[in-house]
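The chains carry the letters A, B and C, assigned in the order they are written, with residues numbered from 1 in each.
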Amino acid sequence: MKKLGGLLIIIISLFVSVLLVKSFEDKKKSFTGEKLLFFPSGKFIQGVACGYNNFLADLLWIRGGVYYGGQKLKHGSLEYLNHIFNVITDLDPKFINAYTTGGMFLFDDLHSLEMSMKLLDKGIYNNPTNWYVPFMKGFILYLAEKYDLAYRWFMVASLYETGKGLAFKFANWCLQKEKGPEMTLKFWENIYNTTGNKWMREKAVKGISRVILYAAVKYKRENGEWPENIVVLVKSGYLPYVPSLGGKYFLFKEGEVLW
Amino acid sequence: MKSILGIGINTFKEGLRDKTLLSVFISGFLLIAASRILVPISIGESYRVITDFGLALVEVLSVLLTIFIGTRILYDEIERKTIYTVVTKPVRVSEFLIGKLFGLTLLVFSIQFLLFLTIFLFSKIYLHFVFWRVFVWFFFLFFEMLILNGVAILLSTFTTPITSGLISMLIYIIANTSNYLKELSQMVKLPIFTYIANFLYYFLPNFTLTNVKTEILYNLPIDKGLYLFAPSYSIMYVVFLLTIATMLFEKREFY
Amino acid sequence: MNILEVNHLKKYYRSPFLRRKVRAVEDISFAVKQGEIFGLLGPNGAGKTTTLKSIVGLLKPDGGEIKLFGMPLDIPQRERIGFLPENPYFYRHLTGYELLNFYAHLFKKHITAKKIKEVLKMVGLEHAMHRKVGGYSKGMLQRVGFAQAILNDPDFIILDEPMSGLDPIGRKEMKDWIFKLKSEGKTILFSSHILPDVEMICDRVAIIYRGRVVSTGVLSEILQEKVRFIEVTIEGLDEKTLENFGKVIRSGDKLMLRLSSEEEKDRLVSFVVEKGGRIISVAPYRKTLEEHFMETLEAQ
């Protein structure tokens, strides 16, 4: 190959390659969107992941599950949970379950609404077309008894076609929270009946149990003794009806609610 | 054209007899089959974990194959002196190298295709899911590996298999991380670092733009332009690599 | 017409550690005429293989000029040449047929399957054409090497130590093939350090020593001019009658004299006839190529 001809081919082919990269780099948007915030943990790993971000996120997900389970068993501290979920979602910003599960665990186990909200906000930012993350945010805010905020986030979730009806219903119930135990019972029954999420179902059972207990405490305060059973509470107007979930009924016995 | 085909098919046949190829395929097949064990520990994410694992595995094995075989492809010919009776025929150096690239690409393509077929098969068995989109990833991976094959061949024109293997691996890593280096350089604001980061991003192979694993995994739309970008960029870059390789190899003497 | 012209060829190797030049070919010039068999002779390390490799393009000369078919070396010329390297190496995983088929793809002209089989038959590998080359013996490898060198029906064939490692039958066959090629009008250049083979085959030779050509010429002329002596066998006369011509050796009833020149021989023959004796035989003893070769090297 003649030297000049060869050099010409090298220059032209490299030039065209660079042009192609330049013309396409804007189309492929970075999912982090915002200006690069250098978090040594998440961003660093993201940088060295060499394109295997999703896979590393999966490994960390499995590892995180092992960590969570292990710590729960020995009643250990879960101080790294926030870090783990943040790294997972840095590696894979589309990992919805990581945001929602993380949000749940951070609120429930670490009792940190702030961390939970921060993680879920990240999920909403990175997945602007997903309804479930704002829905989960609303749900956690409801658990935290911040009904105003919960209502707003349920309304946001209701704007999406998927889950529209459900989110709107929940928004409605938040609004009517003050109207008494009937709305609350219906809220929790619907949570239980519409989700397969085990944690949320547990919350539903606890939520209904709490309503029954409150009604029983109120009965005791006003009548001087515990009610014999839930039917008594219903007949005396402290509860609107006898609640049931998943085909099972609740029992009240000596200050304790069983399901 | 005839000589390119002849050299390519001969390279392919020679590679088929290499035990490395068989080992890579068997390892890949067994690992994909064994990914079933990830289901219970995936905590409800078995679909993405098995798919991710499979895709990552095929990519890693393709890279290893390119490095193990691609970096030896010229070296062995020269060491065994089988090249003497080839370069003394009316074959241009460029034809010889293109033929070698063709053969190597055919080898890697065969293994990739078989492994992708394996993922497809096991996703049906384990996840009861027909994962057609895996072939979209195959399309992009093929063009990425074409560039890496070109790198391996270029390096093997002037250096030993170990050195060219290490450099190929390094280039692969840079190709997948150059966008982060570029973003980092914007934050660090050090001119020399910016120049280096930009050089790596634009002038070395760039696989960050064709990394569509996330889109495949979440069934997100892929920019149609990318289907044109991938082959165009790949072919142009391979022309660049092979031209350098030709100019270097033409100067080569066979004592 | 000269098929090949080599003028003042130079080739140096660079020692990787000391970075100094090691001379392989200092100054080699020779030409190969169309239709002849030309031999390159020399001891090991003389520069024969370096010269041949420079001609076929495996090495790049550091000086001088090589012309093939009247033109500077170029790739298209290789359509018309065939090359057999010393101790050839082939793809072990291919059968003999597949190997030649592979080489056939490297030429622009179409080489048919029939032609491949003909060539394999010619070199005596018809029975082994479907066996893997990795299982071939040394002789079979040389045969298949020769086959790939003539596959494209070249005008000019270059053979580097073609007889190397062959048994006597193999060497005879190789010589026969070379003569056959010559009879078809081909030109052959080959290198060897086995002088009796060269003596039998070559039309012209060049003797190379330490990277230089020390002697070139038509073989018969080189050896003709080196007649050592002429032995004349006579009957019917006695030693005393012939003592003027030199030392007489009796062998039975015959007498033998060794004369140093044609003129002396003519005088003796006339004398014997005059004296009534009988000339039984007149045999000129030429220097062998080996003797010429050793003398030339010693003179260097």
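Operating definition for what follows: contacts are C-beta pairs under 8 Å (C-beta built on N, C-alpha and C of every residue); 3 or more make two chains touch, one makes a residue touch a chain.
This is a predicted model, so every value here is computed, not measured.
Colleague: In terms of C-beta pairs in contact, which two chains are most connected?
Modeller: After counting contacts between each pair of chains, the winner is A-B.
Colleague: Would you identify the chain whose Cα-based centre sits farthest away from the centre of chain C?
Modeller: For chain C, the chain whose C-alpha mean is farthest off is A.
Colleague: Could you name the chain whose Cα mean is nearest to the mean of all protein Cα atoms here?
Modeller: Minimum centroid-to-centroid distance belongs to B.
Colleague: Just curious, how far off is chain C from chain A if you go by their C-alpha centres, in Å?
Modeller: 89
Colleague: Counting only Cα atoms for the centres, state how far chain B is from chain C in Å.
Modeller: Roughly 50 Å, centre to centre.
Colleague: Hey, how far is the Cα centre of chain A from the one of chain B, in Å?
Modeller: Measuring from centre to centre gives 39 Å for this pair.
Colleague: Give me the residues of chain C that touch two or more other chains.
Modeller: none
Colleague: When you check chain B against every other chain, which residues touch at least two of them?
Modeller: Answer for chain B, listing residues that touch two or more other chains: 92.
Colleague: Applying the document's contact rule, which stretches of chain B touch chain A when the two form their complex?
Modeller: 38, 41-45, 48-49, 52-53, 55-56, 59, 92-94, 172-173, 176-177, 179-181, 183-184, 186-187, 201-203, 206-209, 211, 213-214, 217-218, 220, 223, 225-226, 229, 232-233, 236-237, 239-240, 243-244, 246-247, 250
Colleague: Which bits of chain C are touching chain B when the two form their complex?
Modeller: 13, 53, 56-60, 75-79, 83, 85, 88-91, 93-94, 102-108, 145, 148
Colleague: In the complex formed with chain B, which residues of chain A make contact?
Modeller: For this pair, the touching residues of chain A are 1, 3, 6, 9-10, 13-14, 16-18, 20-22, 24-25, 27-28, 30-31, 36, 38, 46-55, 57-58, 61-62, 65-66, 92, 94-95, 97.
Colleague: For the complex, give me every residue of chain B touching chain C.
Modeller: Per the touch definition, chain B meets chain C at residues 2-3, 5-7, 10, 13-14, 17, 80-82, 84-92, 251, 253-255.
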